[in-house]
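After this come two complexes, each holding chain A, first together with chain B and then together with chain C.
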Partner chain A sequence: MSDTWIEVCAADEIDEEDVIRFDHAGRTFAIYRSPEDTYHATDGLCTHEKIHLADGLVMDHIIECPKHNGRFDYKTGEAKGAPVCVDLRTYPVKVEGGTVFIGL
Partner chain B sequence: MADFVIVGAGECGARAAFALREKGFDGTITLIGSETHLPYERPPLSKEALVAGAGPKLVADAERYAAAGIAVLSGRTVLEIDRAGRRVRLGDGTALPYDKLLLATGARPRTLPGMACGGRIAALRSHDDATRIRAHLVEGSHVAILGGGFIGLELAASARKLGASVTLVEGLPRVLSRGVPAEIAAIVASRHAAEGVEVLCGAKVAGIEERPGEVRLTLEDGRVVSASLLVVGIGAVPNTELAEAAGLAVDNGIAVDGLLRTSDPDILAAGDCTSYPLPLYGDRRVRLESWRNAQEQGQLAAANMLGGGEAHCAVPWFWSDQYDMTLQIAGLADGAATTVRRDLGEGAFLLFHLDAEGRLIAASGIGKGNAVARDIRLAEMLIAARRHPDPAALAAPETKLKTLLAA
Partner chain C sequence: MKPTKRDYSLLGRDAEAAVANGLAAAEWYHTEIARKDMKALMQRSDAPAIRDTAIWLGTMLVTGAAGIWLWGSWWAVPFFLVYGVLYGSASDSRWHECGHGTAFKTMWMNDAVYQIACFMIMRNPVTWRWSHTRHHTDTVIVGRDPEIAVMRPPDLARLVLNFFGLLDAWHAVIDMLRNAAGVMSAAEKTFIPASEQPKAIRIARIWLAIYGATIALCFALGSILPAMLIGLPRLYGAWHHVLTGLLQHGGLADNVIDHRLNSRTVYMNPVSRFIYWNMNYHVEHHMFPMVPYHALPRLHAMIKHDLPAPNPSMWHGYREMLPAFLRQLRNEDYFLKRDLPATARPYKEEFHSEPAVAAAE
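Now for the complex of A and B:
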């Protein structure tokens, strides 16, 4: 499904259980590091009001929108209840040689 | 099959209706609202929707109500609750039976004594109010805003974006005196001044007069403000009349217990119209007018209409967007003995409010965009967990708040 692997950042630039913003080719993404030290990527903007999720809080495998507390499972993109009802798109991620890549 | 009726089709009523279905309720759900629009979100009315002139941001579209089997009766008023007969009577004479009734009647803008809205005097609560106000906010027009609370200030910011000039009149010595620390209010006020808003604090109104082409405010010190529109933003009054007429207990809002039950166990109430005990603050009774409270209580009411027995134990939470700044507040800061400041860079900062025993009871912050959101959310969790965090750690930006939560 992914055509190209795009370099995001060094793996240690994202804290455990945290998220950063990544912009590429006019698009914006959120890149996550889970408490189990796995990496994940979703679209950057919340499906409710287009707020950037990288300002939100990561708790376990949930990202919470900083504005209206809409919650998603960032591993699957699943919307976890009001006010969000549209799932978040996810993207494949790989870590090679200490660098995180997103598959677009 | 059970019949559930919800009176009030705002954020709270609509969320409750959907939550009933999500929780598996298979009876009838009727959602009754006096506005002609489907339920919509009110926060954008003073902000982006006002600037853009957009249509209402619906909680859900008509298809979703249909799919969930929720009957929405728009543009209808409820005249009476017949508790003995367990039915509500509508303005058109229809009577609807209920097994459980939820009152989510909301609040309405407080008005000036003896002065109704209309003509050149407006208040902001509904989408139609926003549309009416927007018609006056054009390049070169002058709008006067009475009240330096969230609504008045957000409206001032939106009016500036549309090119109108603004005079904001606040009777108290500073803006946002209800619930927002002075340190944060001062930043808000100076930003408005920098954006060209004339902010008049400690300004008491002596008289208001509508004349052809203008509305004129005379202040007690003799100053006169002439504007093409006056928007009154001096708070809200809970819609309790229906409950009162039905003999339900009312105490600064429809009085409910921790399970959102009124004095009649088959009638619940939620959202802006209710007053309820806050366990985190010694069961002190409060009424909160906020989007998140409406949403959370709507969902909780749904659970409890189904016999869930779940108590409300949330931390009050508010936000406001003005220009490119957002301020957020979690908890209730009155009763704070000490305040600790944490600077986040680029002008953003947080204030942590601790009581005499060192318990964190509130946190507030302001910054560009969502700079303070994550930390306020973590502070909210610390407040909910009744933590006594080390003030030095709270003040140190290099200490992640998440580590305090784990501690």
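Now for the complex of A and C:
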């Protein structure tokens, strides 16, 4: 379980099958809304070259980095092949009262 | 040999300088596009690439079969000319787009066409995936970009020979033999992670077996016909990908972090655009590499207010590029400065500092 839940945004601020950037305490995160209307969070920067994933493309459960097209499963953080070799860190997410929270 | 100002080695002086002065893995300029519009442009689709791949491979099948049928007569020549361009030039853009993973929506289709095209263009699919990653990180940054086609001062003899694939294919064969022997070069090790290097070696060995079988068949038949279909088209069909590829960055600025300064968009005829898969929209591709080739004309229309005017034709592009190459023989700091329209956001000041402007004029 998470120690601290941090408010991110209203749930409807993220389009279905999309991602937004969320900065908190000097760190950056990517917050996703899946096609099944579930919410997920990962580190915000690609593990390959520190590019913001929130500028990338969400396809089903995949986030594609906008710079080199590296792909991750944003639900598990798994790197799906070159040029990304290191998995993304994921974080717990909950939605309460129409608001998205990330567990840090 | 006379020393030059630029050291293009990935392990050399300028490689260290690029890291030290912030040009390596820098933050590049992007034209502002609303997220909604960018999402629409990035959307993937299988249909355009399936259509284009069917035309590409289908035409190769027909022209290759006609070439075999007419072998020994001059009537075979036009069929091999078409087959050669589809093998030795169209493979360049297919390798490129499928390597980005943007041509098809379905990843195994990207991967399958990527492997086929890499074989045709003689680029190890592992090595070149990583070299191209670096090309997008550090586009035309001296000492960092492993894919700079025209270094300064330009080697014009090399350019001419490569219209027939001679030097590129020669180096590709050397690299294949070295990789097949299990050896990765020091330069390759700078951009290919250790975990990926065994894959490059395995591919090289498979390719060596295919070329060996092709050569053996030539001897068995007493004819070069098998090599006319596998291998040699990389030479006699290379001219179109060199013709279009040189325009991508030739004669433009180096060591800048704004693709409007170092890349060129050129309007081209529909046949060349099919062979080249719309990579004539090269500023747009570098600025937004996740946009598929079939959406690049739409992207161009959306952001052209912020880009230098495109060259209206290949001929126009060569008319500005070739004189620039000749001037770079005398002054390697010379480059073509791209003027922006009044509607564009200006270049950052450091890109047009006094010495850079002086070199451009």
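Just so we're on the same page, the second predicted complex is superposed on the first by the 103 of 104 C-alpha atoms of A that agree within 3 Å, B and C clash if a C-alpha of one lies under 4 Å from a C-alpha of the other, contacts with A are read in each partner's own complex, and residues count from 1 in each chain.
Quick note on the criterion: a residue touches a chain if its C-beta (ideal position, glycine included) is under 8 Å from a C-beta of that chain, and two chains touch if they have at least 3 such contacts.
Values in this document were obtained by computation on a predicted structure and should not be read as measured data.
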item: Chain C versus chain B on the shared chain A, clash or fit after superposition; value: clash
item: First (chain B), second (chain C), both or neither touched by A:P83; value: both
item: Which of chain B and chain C A:E7 touches, first, second, both or neither; value: neither
item: Touching partner for A:E96 - first (chain B), second (chain C), both, neither; value: neither
item: Touching partner for A:R71 - first (chain B), second (chain C), both, neither; value: second
item: Touching partner for A:D60 - first (chain B), second (chain C), both, neither; value: neither
item: Touched partner set for A:H52, first chain B, second chain C, both or neither; value: first
item: Overlap of the chain B and chain C footprints on chain A, listed as residue numbers; value: 55-57, 64, 66-69, 82-83, 85
item: Touching residues on chain A, where the partner in the complex is chain C; value: 18, 48-50, 55-57, 59, 64-69, 71, 82-83, 85
item: In the complex with chain A, residue positions of chain B that touch it; value: 15, 18-19, 22, 41, 59-60, 291-292, 295, 299, 319, 369-371, 373-374, 377-378, 400, 402
item: Contacting residues of chain C [partner chain A, same complex]; value: 25, 38-39, 42-44, 100-102, 105, 126, 129-130, 133, 136-137, 193, 195-196, 288-290
item: Residue numbers on chain A that touch chain B, as the complex places them; value: 15, 17, 51-52, 55-57, 64, 66-69, 81-83, 85
